[in-house]
């Protein structure tokens, strides 16, 4: 075939076209408004918010937190938040991925986290739809695996631990290969996203009751009292959110020591037996959700806090296949406003026979899960006797809880949990 | 057209050889592009096989490239006006270039049988004796020291602990953190929790696909301490590129000490745990 | 200049052109979500202002000039206009011998209408911010009550569907069932609580601040169980009874007061008919001034259509 002029022209044309259009793909690095929550509050209060409110909220958040490539820390005069939001550390994780002359890696969040957790920390990154469980949405300010009680924020060490150990049984990997400084930076950035997201939610919650606008930019620079009052409200709300983080370090539950002698097999066996009785007893009630065989099949209709919002605060969800027309209609309504949201799912109680403990498998981890419950999930806190309180048949002592811990940790080694794991040759196995 | 193109074709074997020479000597941009150092006693044969095939195919590659260049140069239409000569085949030639490659392949097949058997079939036997090298008990295979379960996207590693048995309460669990004692035959048990992965230790020349539903064994004997890579070598999803771990080869005492410390940490019952590990 | 796209090899080239164009356009301009277009220059300017100390605290709000003169009572009823929607049976999937005794599944308490059309469990409370002392707040309704309020559950139902109390009162949660429950309280301002309550046992919860909205109470083990708590500083709250009637005594008279009405299914009640006149209560709020030593009748009719969404 001769390369004739006709073909040459065509080839030139397509090359030109390809070159012109190939730069089209990069989306801009901006935070995305929590449209699902906006729509939820609109519907809940049966109001239609002023369309300018979206811009107002965007402006408030942008002037308090900046943008993904250039973050700020909110200015709250009488709250020392450098422990929880250090701007240098936040900056190291923000922006595009590159490393400077000394070799310090930057843009860490975008390198490691964004594809699951999303630009705004909303758990709606590109890979999120493939995962079960979904990645965490930081914007509710709820974290599951921590050393503080329900409704409280995690401590710094809790977050460092999650990053270092990962969460077994989920797609959250362990980041042990990162430097300590990089992990610190990421923890600050996660808090940054969480505080930003929670403030956004609280601002949206203020919208039904706000007099005119949350913030009127036109009043800036005019020494207007109304403008100052607006900023007062905003600052008060931001401080409510940030205070909880600052206080988290003091809210760690004191853990009484495990009874001595646990290394002795006889003592351990007795403890496990006691734990088993408590597991199936009426005080701890573990079996009622975790199932008679501890397989996690005792209660399969529960939902976590993030899904509950998609279902208009209902606690019971029968699954996608059995969604009621009401639930489906509501989900479609939310999805029309925020196309990225993912379908609701049940949260199942842990299958304790697998030996996978998401918050960690150390005895202290299991103790904390039992005593504190797991925030954002139906796992409740155990009815623990307070220190100095008289023994009460309706409550558990800390020794009781340690026995429960021993029992739960022993479940994976029972022979019914692992049918044929002990052959010495290459075998097929049932998963 | 013409002889200009034949020069271009000559560049292929020339640049190929040049790249190879630069890479094997780790010059300039080819720093750390060649094979990583082999630390497995059983790994030398893999390297020998690799180099043998590389040189064999390399010689043929260069020869073919040169011959192609020669024909392009000699029979360029601008310089060669002689009429085309058609050949009606040559039985001798056909026989030669069938038998020679077949013989080479047969040679390679037999040469590698031992390597294959060593890596896949001859599982180390349990050795008795104080230094673990004096004789072996013929009928008992060495139990695995470590169970590695591949999972999207991490390596979940479980050590047998002091009782030497995997699946008991004294097992030590880590993620992406594989410790091995040096100068000992080590057997690993490999499983997958979800999809196909491949357990690859480049410095050990060990690679084994982790097949869901199968429990497999692999073994090696490290002869040098240090920190090495563990990577996944079978595309397993979006996180395949980051499914990496670290292999630490250390002395037996260090290994035992580390295992004990890890177990203590695992049995931690206080919030203020042992001091954080040094950055890895 | 004429472009000759050729004939002999043109089909081949044309196909390449089309597919290349499609490949180039397709992935490039995908459906990214529409972010809020924040003008970063405005944001940066505002930030610079804030850093320079602008918009510092505005100071306290000016106090109202009104003074109450005596006390009054607000009473009335909430009735439905139209036919009451059916109460759906709850999805009781476990422990049926306790939670569905006699095989009868309990009905949802989302909207309960009595024989006379009265709507049960409608909350009306004073949403104005007023001083805690006389003449604004009557001693009977004063904040700071420290007694206990009992919240019990039996037959896998919370016995009080809507509970009203002050944050200073101690909430005692009881479980009178033979099975265990866990009572999960989800307030917004106060600390969330979620404790397992053993059969026959009690546990307590102490709040600190008042809540702007009623908050839900649930049980994880029995997820159909639901109740609500209205937590306000003073006791100017009423929850309508079975016949839809309510009464709030000892309200400050002769001053402008703002009330708010809430029902579980409609959230804040916005479209009503009061004494025959249709009214719009934006966000469930309405204003009223009560005559001293009087009893104001407020008969509210709520359209049944609001409960059927």
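Details
Per-chain numbering from 1; labels A, B and C assigned in written order.
One rule holds in what follows: a residue touches a chain if its C-beta (ideal position, glycine included) is under 8 Å from a C-beta of that chain, and two chains touch if they have at least 3 such contacts.
Computed from a predicted structure; not experimentally measured.
When every chain is reduced to the mean of its C-alpha atoms, the one closest to the centre of the whole protein set is A. When you average the Cα atoms of each chain and compare centres, the chain farthest from chain C turns out to be B.
With centres defined as mean CA coordinates, chain C is found 62 Å away from chain B. In this assembly, the C-alpha centroid of chain A lies 24 Å from the C-alpha centroid of chain C. Rounded to a whole number, the gap between the C-alpha centres of chain A and chain B is 39 angstrom.
Counting only residues that touch two or more partner chains, chain B has none. The touching residues of chain C, when paired with chain A in their complex, are 3-10, 12-14, 16-17, 20-21, 23-25, 27-33, 35-40, 42-47, 49-51, 54-58, 91, 93-95, 178-180, 182, 184, 191-203, 216, 218-221, 223-224, 226, 266-268, 270, 282-283, 309. Those residues of chain B whose C-beta lies close enough to touch chain A in the complex are 141, 143, 152-154, 156, 166-169, 173, 175-177, 191, 193, 212-217, 238-239, 242, 244, 246, 265-271, 273, 276, 279-280. By the touch criterion given at the top, residues 115, 127, 130, 147, 165-166, 168, 171, 173-174, 176-177, 179-180, 252, 255, 257-258, 361-364, 367, 402, 409-410, 413, 418, 421-431 of chain A touch chain B in their complex. Those residues of chain A that touch chain C in the complex are listed here as 1, 4-7, 9-11, 13-14, 17-18, 20-25, 27-28, 30-33, 44-47, 54-55, 57-59, 61-64, 66-67, 72, 75, 77, 149-152, 208-209, 217, 220-221, 225, 227-232, 282-285, 288-289, 298-299, 301-302, 313, 315-316, 318, 326, 338-340, 373, 375, 378-383, 392-395.
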